[in-house]
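Each in structure tokens, the structures are laid out below.
What follows is a pair of complexes built around chain A, which joins chain B in one and chain C in the other.
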Partner chain A sequence: MGQVRAGPGPDTVTREAVTRMRAAPLSPLAAPALAGPGLSVRLGRLAFLAAVFLAYAIVFAPIVMVVVTSFFDQEIVTFPPDGLTIRWYLNAWAQRDFARGFLTSLQIALAATAIGVPLGTAAALALVRATIPGRGFINTVLLAPLAVPAIVAGSALYMFYLRAEDWLDMDIKATLGGLVAANVLITIPWTVRLVTASLAGLDRAAEEAAANLGARPLTVFTRITLPMLRPGIVAAALFSFVASFENLELNLLLVGPGRTTLPVAMLSYLEFRMDPTLAAVATAQILMVTILMLVTDRFVKLSRIV
Partner chain B sequence: MFALILPAVLVVAALLVGPMVLLARISLNQYSATQLMIEATTAQNYLNAVADPYYRGVMLTTLVMAFICTALTLALGFPAAYRLARMESRWKSLVTVLTLIPLLVGNVVRAAGWLGLLGNDGLINATLRGLGLTSEPLRLVYTPGAVAVGTIAVVLPYMILTLSSVIESIPRAVEEAAANLGASAFTVFRRVVWPLALPGTVAGCVLVFILCMNTYATAVLLGGSQFKMMAPAVYDQFSKGMNWPFGAALAFILLAATLVLTVLGTALLGRRYAR
Partner chain C sequence: MGTLLLDGVSKRYGEAVAVDRVDLDIRQGELVALLGPSGCGKTTTLRMVAGFIEPTAGRVVIGGRDVTRLPPYARDTGMVFQSYALFPHMSVADNVGFGLEMRKVARAERDRRVAEALRLVRLDALADRLPRQLSGGQQQRVALARALVVSPAVFLLDEPLSNLDAKLRAEVGLEIRELQKRLGLTTLMVTHDQDEALAMADRLVVMEHGRVLQVGTAEDLYERPANTFVAGFVGRCNLLPGAREGADVFRLTSGAAVPCAPDAAAPGGLLAIRPERIEVAPDPAGAGRLRAMTYLGGRTEYHLDLAGEAIVAVSPTPLPDDPRRRLNAGDPVRITWIPDAARVIPTADAASVTPTPEKSPAR
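Right, the complex of A and B next:
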């Protein structure tokens, strides 16, 4: 999302000078012009703001809706609600499909993050710091899991697992190991992407200074490089965890009876009914993602990396 | 240094590249009702998929859906991205995080929200009934329109974030110069902002188009049983039909169509505006 840049970077000096010079803001789309704009200008600005509002309304309408309906007192979602309650949250946890789905997704996402983040970080470090032949190609391969449609990659893994089960004479599909392996395909590219982005902004001078003062390479790495990288790694870990936890398509063919992830359990439930219990499960996820992203933003400004 | 890269590359090779090669090989096999699959080298599965009017319809639905959704997402996303890019206060980082959160909340969660909004007893129908505008509920959910709205809601954050990072890099002074020289707001947009933002627009549209082509949860949950797109069709072949060679062929047709159209689109747009 963030690699695209058009033309020259913002010329901050010029921009500041212009900001100081101008008496009234003149940017035609962003701020009101001089006193008394014409009707067409005002209508244009109104249409512009309406479009901005509409875009965010469409994005947030379903999310707000889910949160609101999770508190409705009746079992079938109708408007207006009879009353408000929090009992659906308890009911959701009592439903075995959701509770077990939650625990399975948690296990998978944690394990996939624990495996994918070190691998991705090591690769990103080498890709940015060393001059390796075929660097662009390796980068493409590592990011490829994000480019291949998840349903296609999931079908390929499904066939691969069935083949491997024949060869090795053991269960792979619908096992914890099989699902974790699939989800590492999500955590590696996200880690490579986020750690690469945070590495690009780092100054090498501190590392060189440490080396000049006699620190061995390992000491430089553990005492200088790793601490500087920590925000990037934390962001990568949180991002990878969320992306794996919320994934539906890649896991869809790889789950089985007895071991299902939360998004798959929710999908099968929703194909029959939408009720406040499901809304409660969904709201819990919205809350989790929101908290994790706000924490991530404290480590690395998300506006800089996405 | 290779020792650092190798583990990650090996994992991706073993779990993505290898299985994709296997899937390609399977797409050339023959389906058998008794033995599931017979080793063969035939293009029959691809020919069957292209010749079958049902799957031609599914492909057409997917393409039309992806084009409409991409166009509408661009139209809706550009103003929002411009507003975000030109924000200067501390709100900017908050709005960025707010734009990012829906992107990470699963598609299933958001489809649930649309079911609550668009259902027969949902908020929209209840409001219309309450106002006395309708007596029968409007059929909103399980329509192509519902899938389009649901898909646009899913992909809009990608478009907004991609576009805003590009618009941010356009110096504001350029716009101000055009405005000072007498250009109207629309002219500034058409002659200055749009051409300079074009690389980002192409990148955003390509990303969104790929996501739209591969819509799964939104299509299944909001489209109903009559509405079929490619990704659910691929899934059905593997899970219900058990016709793996045909499913593999459908998967590669979807992949190829997406790839060809994005490459073609990038080249066309790039050439038209390249100067």
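Right, the complex of A and C next:
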């Protein structure tokens, strides 16, 4: 791109340089003057590529480290590794807590997504379409779970659950219901954000066209609006699921014996052992999320929404 | 099939008046175009007919039925949107069949009518495609078929050609017009493009600032513009200030006396004359002067000066041996026109609005 130039700017400079070079006897300085503009453009491109590479390296380094260390054949990670092994994967598989935690997390994340996405979608619709007072305030409240540190929210929920248990005289903490309710909080901001964005980009003329063709409002919604929002809703479900599945801090105080999420189980394991088993579990999770993203991307182009 | 009547339809947004007491009567099978610059209220008027905007005052009557307070789905209109507004997740056939489905037409009958509509717009081969797999022109034909298939009482076109490239525009415009005539569709169309409106419509409604300035055939508007706005908006027009001096003499402010059409109704204001009605000839004794001549292939434009007044004239490019071909900037020329070609019209302020009588559209 930097080589072929039709514009007058660089051309003139080059020609000037050439003239100067002809006029003066060939000096070592003349050659760089001739290559001047081309070189700076090339250097700029190089710097840009280096910056891009660096950014990707910083983003991917932790992930790569986790995956690599999961195969190291020693308990305390040192470089270079003594050898490569898959025994940490076998160990992880053997830990009953991880298997149970995985199932619990899966259960909670699925339920929270199934409840949170419809709620968030409804909220997004109201925020974008209806004229409601205090729209900005409601929007902020719905997005708040993303802004408040999860450990703070978790503590608050913990205290609230204890109070509620007293009043209602029933178990909430460490029940499936209590955990799902807490995780719905995580899914709503994602859904509101993504569906709001989808709604903003939706061509309302299509809805008008449907109405013009005789569709009543409910039919317009189910036949036109919802299908057109599908990419946003699918993305919202994906991100809700992942955010809930990998959440540690919010669930930390709300889990109990016999009902522990995978991240909390991993933290408990870390209290007594410091071997790459956790790296193996994390690698399995990374793999799961990647597959989930790739499969989703097959149906809706995530890059177009997020 | 039906008629459309707008009776004093207005739309106000607080203090702002978007549409101001529009009266319009469209006969069965007629194509009427709302023409005006953006913001003139033409689209608002169309949307009030479709039912997307509720009028502040007035009535919308379709086929004798007052639909002013009815929601869009209960009105019998078929609208083609500027953006086409196809349903992106449905095939071409499902798009076209949607209106029939809403009308609970049985499957077999629906398929038959969809196929027929797609044949009408020559898209029968693409019935299974998704809208995004079609070109702009094809998408537009799907939108046409989708609106036509339900046989609406009134057919509504919102800037139907604006999203097509210039080459397709004239062709598609003719095609729509042909279809509209063949099916006898009562049609209201919105456009800001005067060529489009002149080529397609039986009658045109020129709007500005929410008001109807003139209603008439293409010839009415071009030959007998009601005011300077219409004269300037429909075709090009020289507007020369001055006052009538005799039955067929107009005295320009700059002093020159020029011929004009005798018309007792218009005592003063501006003299409107179309560029192509002006004859230009080299004449050493001529009162005019050629400032510039622009060769445009088939036609030539002359930028003239008549006693300080700038005038544009257009003629088919003269043959090579014509003396006009040898004109140079600064040359004296004779500028002539027949009196009937120059009409004295009032300026376009609101008080002087004089719509052509509704009941006699064709003269």
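As a convention for this text, the second predicted complex is superposed on the first by the 215 of 306 C-alpha atoms of A that agree within 3 Å, B and C clash if a C-alpha of one lies under 4 Å from a C-alpha of the other, contacts with A are read in each partner's own complex, and residues count from 1 in each chain.
In the analysis below, a contact is a pair of C-beta atoms (placed from the backbone, for glycine too) under 8 Å apart; a residue touches a chain by one contact, two chains touch by 3 or more.
Keep in mind it's a predicted model, so treat the numbers as computed, not measured.
Shared-chain residue A:51: touches chain B; no touch with chain C. After overlaying the two complexes on the shared chain, residue contacts for A:177 are found with neither chain B nor chain C.
Applying the stated contact rule after C-alpha superposition, one finds that A:205 touches chain C and leaves chain B untouched.
Chain A has more of its residues touched by B than by the other of chain B and chain C. Of the two partner chains, chain C is the only one that A:224 touches; chain B does not reach it. Using the contact criterion defined above for the overlaid structures, shared-chain residue A:213 touches chain C, although it does not reach chain B. Using the contact criterion defined above for the overlaid structures, shared-chain residue A:256 touches neither chain B nor chain C, since it reaches no partner.
With both structures placed on the common chain, the touch criterion links A:78 to chain B but leaves chain C unconnected.
On the chain B side of its complex with chain A, the touching residues are 1-2, 4-5, 7-9, 11-13, 15-20, 22-23, 26, 75-80, 82-83, 86, 92-93, 96-97, 99-102, 104-117, 119, 121-123, 126-127, 130, 149-150, 152-153, 156-158, 160-162, 165-166, 168-173, 175-176, 179-180, 183-186, 188-189, 193, 196-200, 203, 207, 210, 213-214, 216-217, 220-221, 231, 234-235, 238-239, 244, 247-248, 251-252, 254-255, 258.
By the touch criterion stated above, chain A contacts chain C in their complex at residues 203, 205-206, 208-216, 219, 223-224, 227-228, 230.
Of all the residues in chain A, the ones that touch chain B in their complex are 1-2, 4-11, 14-15, 18, 22, 26-30, 33, 41, 44-45, 48, 51-52, 54-56, 58-66, 69, 76-80, 119-120, 122-123, 125-127, 129-130, 132, 138, 141-142, 144-145, 147-153, 155-160, 163, 181-182, 184-185, 188-189, 192, 239, 242-243, 246-249, 252-253, 263, 266-267, 270-271, 274, 278-279, 282, 285-286, 289-290, 293-294, 297, 301-303, 306.
Those residues of chain C whose C-beta lies close enough to touch chain A in the complex are 50-52, 71-73, 77-79, 81-83, 85-89, 98-99, 102-103, 143, 146-147, 150.
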